[in-house]
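Given below, in the form of structure tokens, are the structures.
What follows is a pair of complexes built around chain A, which joins chain B in one and chain C in the other.
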Partner chain A sequence: MKIHGSHRLPVGRERAYALLQDPEILAACMPGCEALVKVDEDLYEMKMKMALAAISGQFAGKVRIGDRNPVESFRLIVEGTGKIGFMKGEGLLRLREEGAETEVAYEGDVHVGGTIASVGQRLLDTTSKMLIKRFFGRLGERAQ
Partner chain B sequence: MIAQNFEYETPSTLEEALELLADGAKALAGGMSLIPLMKLRLAVPERVVDLRRVPGLNSIRVAEGQLHIGAMVTHYELESTPLVRRSSPLLAAAAASIGDVQVRNLGTLGGSIAHADPAADYPAALQALEAVIRIAGKGGERAVSAAEFFVDTFTTALEPGELVVEVSVPVEAAGTGVRYEKCEQLASGFALVGVAARVAKKGGKVSMARVGVTGLAGSSYRAKNVEALLEGTTGSAQDVTRAAAAVAEGKEANSDIHASADYRAHLARVYTARALRAALGTAG
Partner chain C sequence: MASTVTKTEVLFGKKMKRKEDPRLITGTATYVDDIQMPGMHHAVILRSPYAAARIKGIDARGALELPGVAAVFTGADVKDVGPVPCGASLPGLRVPHHHVLAQDRTYFVGHPVAVVVATDRYIARDAVDRIEVDWEPLEAVAEPEKALEAGAPAVHPQWPDNKAFDYHQEHGEVDKVFAEADVVVKQRITSQRLIPCAMETRGVVAEWKSGEKSLTIYTSTQIPHLMRSLVAGMLGIPENRLRAVAPEVGGGFGSKLNVYAEEALMGFVAMKTGKPVKWIESRRENMLATTHGRGHVDYYEIAAKKDGTIVGIKLKLIQDVGSYHQLLTPAIPTLSVLMMPGVYRCQNIRADIVGVFTNCVPTDAYRGAGRPEAMHGIERMVDILAAEMKMDPAELRLKNFIQPEEFPYATATGLTYDSGDYAKPLKKALGIAGYAALREEQRAARSAGRLMGIGLSTYGEICAIGPSPATPAGGWESATVRIEPSGKVTVHTGCSPHGQGEETTFAQIAADELGVDFDDIIVLHGDTAIVQYGIGTFGSRGTAIGGTAMYFAIQELKAKIKRFGAMMLDCDDVTFSGGRCVCDKTGKSVSIQEIAAASYRAMKLPPKTEPGLVATYFWEPPNFTFPFGAHVVVTEVDKETGDIEVKRYVAVDDCGKIINPLVVAGQIHGGVAQGLGQALYEEAVYDDSGQLMTGEFMDYCVPKSTMMPWIEDSNTETATPVNPLGVKGVGEAGTIGCSPAVVNSVVDALSPLGVRHIDMPMNREKIWKLVQGGAA
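The block that comes next holds the complex of A and B.
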């Protein structure tokens, strides 16, 4: 599944870039994130507990940051596995200055498998967009 | 598959039910979404509170120009009860278009809206009807509008431990034309796009237009731009087409294996025009 979109952060580009690389901030803003631990340069281990509608599930996975081009762009590679399914995704995030604000555009490819994908196909796109929106919403609040 | 073990409670008062919900239990209404999810083990609640014995959640009544419907009223009751068909034909039509007869026999109004599937039928009608949703929690009761209630995909204004107890919609005034039109995904019956329209005319002009949309975006919404474009016109075929063209403006359309975002936006325009034309046809 291809995903793309953009969100605005109410801070300048340098600050936005720094926020997006800060594991503590990311952990606090990612919906359901319970832990994000640095295990190597640019590599983090993540634990998530998703609760959406009646569905709930725990995921364990890795987050890797690559292709760093400070304050302009970076690549995010995420994978997670849980009882109800697995996901693997890769996306490029681009930061663009918009006056005093920053527009973060993302473009990527996500694969979801397991039970969650076989019964939830119809809802994957709208759900992932909702979660990304929630993430940027919280990040925007933290940024100020 | 078989659901994971869970505790099952059947409280006989609302207070008892709210106490259990405040304690983290999961509410069970008709079970048309929750039970399949539990059998797939996508939902694994430790404790389930069946609301069927809670009194007062099954009533359908009219008072002061409003039709009040208890949260546990089933889709079938809504589509078939003469009082509902008379007082709110739009809500009855939305109920009649849900899934299949087995689902409608068991599924409930409160359960469906609390689940907040982005392609469910009720939200379109409730947005167009400017419905009020009464919510109870351990701390007391509150009421929110449909526009406030449906926040996002599977996300409502309900706080943990809160329960939908009643939905109120206006008793439709004589001469108001209504219509629910949906393009359904055949396997699930869910709406690729569903549009609910209400219109009234006065002196040859459209005096009131309400349009609710489901399935297009992450959440249902009221298409106020369409309403504004139509109100004040004579409601000609051209007026309808021009107003309907604005229905997806500013919305990020969903995309899945059944319909791309562009196709969904196109469907929304076509079904909005159809719903408005049909509603105008019966308004007078």
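The block that comes next holds the complex of A and C.
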């Protein structure tokens, strides 16, 4: 599934870029995130709870940051597996200054498998948009 | 008290309510999940979330720590259990070794990986989540045409071209007639993957009696005896120490004409744990891991003369096999080839099948099994030809029918059609529909800018499968008829019905033959400890073969009844009818009940006659039977929404002699529902990585009662000479006749927009795009 969209953060680009790479901030803002631990430069281990329609479960996975181009863009690679299936996603985030604010545009590809795919794919598009929106909303609150 | 009344009412041909229905509609039938046993444990299966993956390790400790969990078994534990069998054989067929649990690799989403046994189903389910599998995901391929491309991921590494088999059949002078033809039309036609969706999912209860060294497997199957023979082999136990019971079976549609990994696995688990074990498939598992149907990509070419005479048919058939061969997987598309000429007189055919492995659940029989695909193909092609030649599709069909005087008719594919009069149901259906008036109405609708369509199909099909040389495991059927000392009649049929109503129709036949009350007859089936060996219910064979076996067993009994009657009446010439033996000279008579009592009491026996009234008959049919019919469908397409309204559905089916018109109508209605499901709604969709996207009823749309049109059903009756009952079979006819008639109707509706073909399912999005001028 292709995903793309953009959200605004009420901070300058340098601050936005830093926020997006701070494990503590990210863990607090990602819906369902239960732990995000830096294990290596650019590599984090993540535990998150996900609910999609009638199915819910815990995911354990890895988040990797690549193609760093401070403060313009970076790539996010997420892999998670759990009892309700697995997900793999890759996306490019681009930051653009808009006056005192920053617009973060993302575009990427998400693959899911297992029960999430056979039961939840119908809701995946809207659910992922909702989760991303919630993430940026919380991040915006934190940033101020 | 013994009856003194001579029965004269004939039940053959009479509408009678089914004996089965009261228990089915009051919740008092016994399905596998209704079976309870002391100490029963429950099994839940861990299935692969990947379409292709290597299993690098399995850690089940977490599951075993959960209180209530008795055992966990993985691939390593079952490596000596025999492979899940493929019963079909073709030259050069590649058969991958199909273990009951995945070994080091999984091949489709839903592939069984481990089984947890616990005291409670919920504990077992929770324990499954505690098993840690170290997966290495691999590249997968889910579409047969993509799997054939060079460089596609290999489903089975040993066969990088993903070919499971090739099959070629040819007759006549195909190249010559195509070269000389006035018209040749070509079309790619798909018959999409479908999920059978039996109302009752699969389920198994296995009980091992260690003292008796015997295993009982209760399973929701269409073939208890074949399942017993094959699972005994898989588990390495003697066949006579395995009892198979098919209790009430809530539909199968071919998906239970199989031997599944789970059936042997539960036997294995019961033997290992010493506990009775129950496994009930969830609906999600059913959609993932029970066989699918269809899965064709067909390339058709049809050649005709100027006057519309069809002279040649070519077919390149790509069959989506899935990851393994289940029991009959490779045989199903060969049935499509056998029926490819349909009801038309065409002696020049060429067919090439390529069976293709994909990382999907295997395909196998599904209501019609190969014949719906074939009829969809030929009936679409005839309509495409009619459109090309600007001929009326009914006229073109009438012109090409095999004529009544040509039967028995040898087809180009090697079959001998038993009997037929194809114009009869077509003319009747056109009459009921008011065809000429409908075409008038259509002209008016079109000039008013409305999209109205009239479509028809004239199908033929193979039933009563089948003579033993043409089937993988014997094509006969068996029956035992026992007249008890009281004169009550117990029939044991080797075919194991699961919704077909044979407890009723067989009783109708037996009541007529023996002159006993309909209510005095019971028909038992499905338990190998009670019923003599049998083949099962599939391929519309139950009544035509199983009913005939019973008929012949009764004839043997009637001869014996007459010997007893002659002795009891002290008369040389007796006639048996209406439940009484009558002395032709004196007119004195004795009832079947009195004869039954005397035969068991055995104070005196006729010469060379054993006591009792029991006969067993195994009947080998000399041929298949070939029912036929015509369906006419009127549709209107909503330009704004793409919605298709089925305004009229006329079905005229000829299934030979009709025993019970209610049962026949029920089969047609159910069959049409499934045909309509394929035509309009249903499709099993896998994404590129082999994930099933239609894994529940929210995404896989089977028609609900409110989505069904009113079916104007009727029949013509053309008896078959193949069996003495004259019956042909009707279990699949409705499905087979339906999908081409519906698609022909919608294509006809959209033909003013230049539409020539639409692949199924014709959902609103597809139709709306076509109306807007885009590609389907």
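Definition applied: the second predicted complex is superposed on the first by the 139 of 144 C-alpha atoms of A that agree within 3 Å, B and C clash if a C-alpha of one lies under 4 Å from a C-alpha of the other, contacts with A are read in each partner's own complex, and residues count from 1 in each chain.
Criterion: a contact is a pair of C-beta atoms (placed from the backbone, for glycine too) under 8 Å apart; a residue touches a chain by one contact, two chains touch by 3 or more.
Only a predicted model underlies this, so the values are computations on that prediction, with no experimental measurement involved.
J.: Looking at the overlay, does A:S56 come into contact with chain B only (first), chain C only (second), both, or neither?
T.: first
J.: Between chain B (first) and chain C (second), which, if any, makes contact with A:G66: first, second, both or neither?
T.: neither
J.: Go through the superposed model and pick first if A:M130 touches only chain B, second if only chain C, both, or neither.
T.: A:M130 contacts chain B only, not chain C.
J.: Is A:H111 touching anything from chain B or chain C once the two structures are fitted on A? First, second, both or neither.
T.: A:H111 contacts chain C only, not chain B.
J.: I'd like to know which partner A:K83 touches here: chain B for first, chain C for second, both or neither.
T.: both
J.: Using the superposition on chain A described above, determine whether A:V119 touches chain B (first), chain C (second), both, or neither.
T.: Both partners.
J.: Which partner, once the models are overlaid, touches more of chain A's residues, chain C or chain B?
T.: The larger set of chain A residues in touch belongs to B.
J.: Chain A residues touched by both chain B and chain C?
T.: Touching chain B and chain C on chain A: residues 57, 83, 115, 119, 121-122.
J.: Touching chain A in the complex: which residues of chain C?
T.: 49-51, 109, 129, 135, 284, 287-288, 687, 689, 691-696, 698-699
J.: What residues on chain A touch chain C, complex-wise?
T.: Against chain C, the touching part of chain A is residues 57, 81, 83, 85-86, 111-115, 117-119, 121-122.
J.: Taking the touch rule as given, give the residues of chain A at its contact with chain B in the complex, in rising order.
T.: 5, 52-57, 83-84, 115-116, 119-127, 129-130, 133-134
J.: Okay, in this complex, where on chain B does chain A touch?
T.: Touching chain A: residues 26, 33-34, 36-38, 40-45, 115-119, 152-155, 185, 188, 190, 217-218, 252, 254-258 of chain B.
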